[in-house]
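Read from first to last, the chains carry the letters A, B, C and D; within each, the first residue is number 1.
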Amino acid sequence: MYPAPIHRYSRPLTLEELYALLNSNDDDVLVLAGGQSAMQAVKSRMLRPSHVIDLQALSELKFIRTKKGTLTMGAMMRYVDIVSSDLIPLELAALQDAASRVGDRQVRNRGTIGGSLCWNYSAACTPATVLALDGKINLISQGGSTRQIAADDFFLGPLETARSESEILLSVDFKLRGAKSGSAYKKWGLITDALPVIGMATCLHFDNTDRCKHVRIALTGLANGAERCTAAEAVLAGTDISAEKITQAMSAACEEVSTYSDSIATAAYRHQLIKTIGSDVLNIAKKRAFGLA
Amino acid sequence: MELKDEVIIGADREKVFRALNDPNILKQAIPGCEAIEKTSDDNYNATVVSKIGPLKIRFKGQATISESNFPSDYKITGEGRGGPAGHAKVVASVSLTEKGKSTRLTYVVQADIGSKLAQLGGALVQKTAKKLSTQFFEHLNTLLSSNSLAEKDTEEISMTNSPTTNWAKVGAISTILVVGILAWIVSK
Amino acid sequence: MAKIAIRINGKLFQEDIPERMLLVDFIRESANLTGTHIGCTYEGVCGACTVHLDNEAVKSCMLLAAQADGHDITTVEGLAQGGELTALQEAFKSEHGLQCGFCTAGILMNMTDFLKQHPNPSEQEIREGLIGNLCRCTGYVHIVNAVLKVVQENQLKKA
Amino acid sequence: MSQEHGKDWMGAPLPRKEDRRLLTGKGKYVSDIVIPGALHAVFVRSEYAHAKILSIDTMEAEELEGVERIYVGEQIKHTIKSMPQPIVQPNLPAHYPTFWPLAVDKVTFHGEPVALVIARNKYIAEDAAELVFIDYEELEPVLDPEEALKPDATIIHEKDGTNEIFSMTFTGGDTEESQAENATEVEQIFQNAPVVIKERFKTHRTGITPMEPRAILCDWDDSDGLLAYITTQRPHIDRLALSDILDISAEKVQVIAPRDQGGGFGIKAPFYRENIIIAYAARDLEQPVRWVESRYESLMNVGQERDQINDMEIAADLEGNLLALRNFGLADNGVGTVGVYWGFVMPFLGAIELPNGYKWPKADIRLKVATTNKACLTPSRAFGHFPTRFAIERCIDMVAHKIGMEPSELRRKNLVADLPYTSITNEYYDSGDFVKVWDTLLEKADLTNFRLEQKKALSENKYVGIGFGCGVELSGVASELFVPMENQPGFGAATVRLDPRGKVQVFGGDAPGGQGHETTTAQVVASEFGISPEDVIITTGNTGSTPFGSGSVGARMGSYFISAVAEACRQLKTKITKILAHDLQLEASVEHFEFKNGEVIYLGDDSQRSSFLSIVERIIMFPINMPEGETGGLDVTSFFEAAKPMICFNADCCVVEVSLDTGDFKILKWITAEDVGNVINPLIVNGQMHGAIIQGISNTVFEEFVYDEQGQQLTADFEHYKMATAADVPNININYATTPCPHTPLGTRGIGEGRPSSVPGALTNAVCDALRPLGIEITTLPLRPDAIWQKIQEASH
């Protein structure tokens, strides 16, 4: 299958050029980052852009910076860049867990964090990871005005996000809690590194009494896309994340979250995966928080 | 794929039934409805564009009314073709019951989806179907409860169709035809 | 139509092409380099179309040709220099790392890039590096042997 | 391999001659072949599993600039003969459905071709295909083989009056009475047998999709006729079929299967309806027409096989002697609209091969094949007997478990010990030593040590298991089986032609897809003539220049084709030595000479010799002073037919570790023992075994064609039809335990066709062995963690 006719391809060098293009209010504009998801839709003609804006030249969006306790990652950071970066603390290791297992080498050489967050497919790794890490998504509109949305409010269900068509995702901020913080992501998809049937990301922060003061857990592979497990978080908050507490938390997660069946796995098996993957990521995050990983 | 739900509409049963059978109201209520055209007493053609995230699928289809008993219940069968996305066929049984001055509307939808839509995975389609149906009934509610639609207007509309028409036979498409459209495109 | 200029295996190709033309079609039909193959449709999973874009392995069926304008592409035809096969190509020959050959170009391009990033990979790392290349004939055993052979040869050279 | 290697090219791990061009991107597959001005074809396919075609509106599509023609069923119904046609129809009693290249009146599966758009380029063709609007009236889809055979079921092919396309009883002779009598005798044995296992085994719909989808490029010329480049394993059969169906006199039809094909594995063996309409269009438009199948179309139309239910029963005594086998098989055939195989030929052969390598005193084996609204089954490596082999290898393990005997012991005890042997379904096992292969496997598997490790692992709450399986596989298909089964000859045919420079050209009518024919043939010819493999080239797949052959099917290379090559070489050697003896005034014939290192040497006195080059040049260029009755020229075509059908035999052992938490399992070891007869090139034989075993594992665990309740095919891309990647499968340890085949000139056997069939049984046996403490028996594929986990849940409550 080949794409439907495309009438215009442009490659802005700066954000200003990009806004000018967005202002030209052609209809059916597709902003292309890595293109690993969008091109599937374009080739199957489910997406029929007439104007493709390619962000590959926007070096302004390719960066990782840490300032005043916040790490900011540009939208055009590719998975391969995230995996190989040494600027990412163990606290955000989940980002590297996820990035290192998305698709395959060739996909990771192209796919970007910004593209994945905007596409927000229900069985993707990046949205759930950014959700668990309480990422703040920075958007900029044509006029140049920016706004920041918490991940909790950004993902609105499969392929739906709070970004409007005239907005561009600039970067994602991650507040660093420093010592005794750790995160992890893991998924299962029958085939190694395949789309997650179930994937889970978690971020833990322990106080100096080794109690977990801050815990966030997010799942992917559910019908509604990336979703927090607040019930499980409540079970773990303030505890030492013991094996027994983890088991309790994962049972709470299974109660809270509805799963569906398909030819690869039944709803019940998806719940079982929540339990097994859940205890893995929580233990890894805990070890990383205490520098033992 | 099966979808069951009920919703309270802020108007009496007769008004709701007529609204559900009135193409002008439906055009505003159905999300993404571009055109509705009555082809015969019980049949309509419609073009509806379903927007899911960045994807827009234009559905051209027909709907047929059957087993229509004013003002309590009726059945609508809609079939739409979405080009490369494939097709969707929907059979919805709608029933209206009095609830004080409002109406409780319950609907049972059986949707068959084909080609790429089917490959989308039932769960995603179910999710979208639910969302589109709620949107439809929200619009319907605002249209009916807001007095922008005085009693007279509905009379006028019906008169222009055909004075002798028996209300029960007037065709209508419910948004449920739109049910079942979502692109599965996987992200990497 | 878009005016593009892409350097493939060192040779510049300047063409006016429809914006919707895929890079793999540009390589196969405009540059007449048919060593790069198409094994799947829109899903971009099989990896038979893998080429180098600025020395990084990418799937050329998932890129518009316009996206490669101004870049350097290397295809399987560009690996051997002056008739001299690369060490990886020689290893595929001696270890019988191919049978029908349809997936081979994509694997050679991916593994050439992989070995630059991972000079000393374990067998499991090699197998995970191959996730983006489906092969139906070999069961991957001889392919992994061929990559391991190049790794050992490089170590000997270094020692 | 240096020149003086001389005689022993046989068995040399020679790097392949094919590799250089394939490694440098110089391969030429059908989709790479360019004929200037070729038009591009795109099929418009059915979105419904079962629906009447009310109308097809092509008006808008035809107006699109660049569209040349659009064909629909109603038009071509009067201008193209419908299938079936005798040339592509077996001699088996069945209800052969009538169909045309494009659907007529109604569509019968999701993905069936309904219209064909032909345009200047493929982008325009696809744009136009979207503007073809088909109005359907949906019909009730028939999707379950058991439902399909019920009296009240909707009939898919109305004219046949039934959904039972084929049924047969394979035991108890040919008459109903003798079969009924046999059935009662078998029932008697089951009544008084101390041990009876009765299980329903289900194998899902899966198969072997090659990396290169189908493609065809046709050119037409009023005088020369039709030239068709096709991805096919059977060019000579395609040629006859195209000639018959399109009424083009056969001498004006040439089919070329390029020497580079991206794998076949069976799916490029049938004669497909798409080829008919593309060839028709080339002639009709008098322009070259090219169709390259998309993966989406491919997964909806071909590569679907297995899909059987086998209700199997085994009777045995307490000492582990197998007394009787009973099996009622039911295959889901899909619509049956594929030439040559029609779907049911696979389950037919699967039933014949069901008894596998075991001695069965008595058996009652029957099969029914049901038509459903799914794609027709197409041949996939382990032709029809992947499901029956899964059933019997699992059932044997259950018998062993019931009488407390090691499964490997029970197998060894019942393996056919002395060959030749005729199986209970009249399959002839010509030669081999099954027990020697089995003992070789057991020696490598080291079962006793494993059982100790297993016990230790269990104490640490780790569940490891070992599983066995074996397979008697076809080594080529003899005419004795080929003629009744596919109405075609089984002989192997090869032309060997020497030229005055001492180089050899070999011509074969088959069409390989990566098996290394160019290298294997060169090794054999070099070994026969004592020259170097570099001096030998081979041409295959071109009906214009190669002798007639039934195609690359059923492991014909090592069995039939290479034997024809060897015989042709030997006929030439007889002629060469007769003329050399004459020149040297020697009373001698071929057995008195040796062909070595480029020379022909008289054994009686090695000073009497000639270079190979000079004697060959003499016979071709200077054919004077020739012995009585001899002419010049060295060019022989030989047809090889084995006295009896031939087999090969293999055995698998695998070790797995199963996680109780998730049912997920890891394959720790895969060990095999192979009787592949004399090996020509071990690299190539090992490659065939690795590929087949990994295909078997991928079919068993990962791949599945899924249809929903409306008959919509949900797995038409590689995101949903999941194939094993390198990271999902283990290394394979191949061991040889060969017995030279006495019925081929080189003692070689055809290998690789049936090889995946012993994999599902061995792998599932290993998982069940690991979970023995929980008493879990798995009888349904795919073998997925979810299903295993649920069995673990059921067992622990």
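We take it that contacts are C-beta pairs under 8 Å (C-beta built on N, C-alpha and C of every residue); 3 or more make two chains touch, one makes a residue touch a chain.
Quick caveat, the model's predicted, so the values are computed rather than measured.
Shared contact partners of subunit B and subunit C, listed by label, are A, D. A centroid comparison over C-alpha atoms places B as the chain most distant from subunit C. No other pair of chains has as many C-beta pairs in contact as C-D.
Among the chains, the centre nearest to the mean of all shown protein C-alpha atoms is found for D. Averaged Cα coordinates give subunit A a centre that lies 35 Å from the centre of subunit B. Averaged C-alpha coordinates put the centre of subunit A at 29 Å from the centre of subunit C. Subunit D has its Cα centroid 44 Å from the Cα centroid of subunit A. In subunit A, 1-2, 4-5, 36, 40-41, 44-45, 103, 107, 192-193, 195 are the positions where the chain touches two or more neighbouring chains simultaneously. Within subunit C, contacts with two or more other chains are made by residues 18, 20, 41-44, 128, 131, 133. For subunit D, the set of residues touching two or more other chains reads 123, 130, 294, 296, 714-715, 717, 719, 723, 725, 727.
Across the interface of their complex, subunit A is touched by residues 52-57, 83-85, 116, 121-124, 126-128, 131, 182-183, 185-188 of subunit B. Against subunit B, the residues of subunit D that register as touching in their complex are 47-48, 110, 130, 133, 138, 708, 710, 712, 714-717, 719-720. Residues 81, 83-84, 86-87, 89, 112-115, 118-119, 121-122, 186 of subunit B are the ones touching subunit D in the complex.
Interface residues of subunit D facing subunit A in the complex, by the touch rule stated above, are 122-123, 126-127, 130, 294, 296, 661-664, 702, 704, 706, 714-715, 719, 722-725, 727-728, 784-786, 789-790. Listed in rising order, the residues of subunit C touching subunit A in the complex are 2, 18-20, 22, 25, 41-44, 47, 50, 53, 56-59, 61-64, 66-67, 69, 110, 113-114, 128-129, 131-133.
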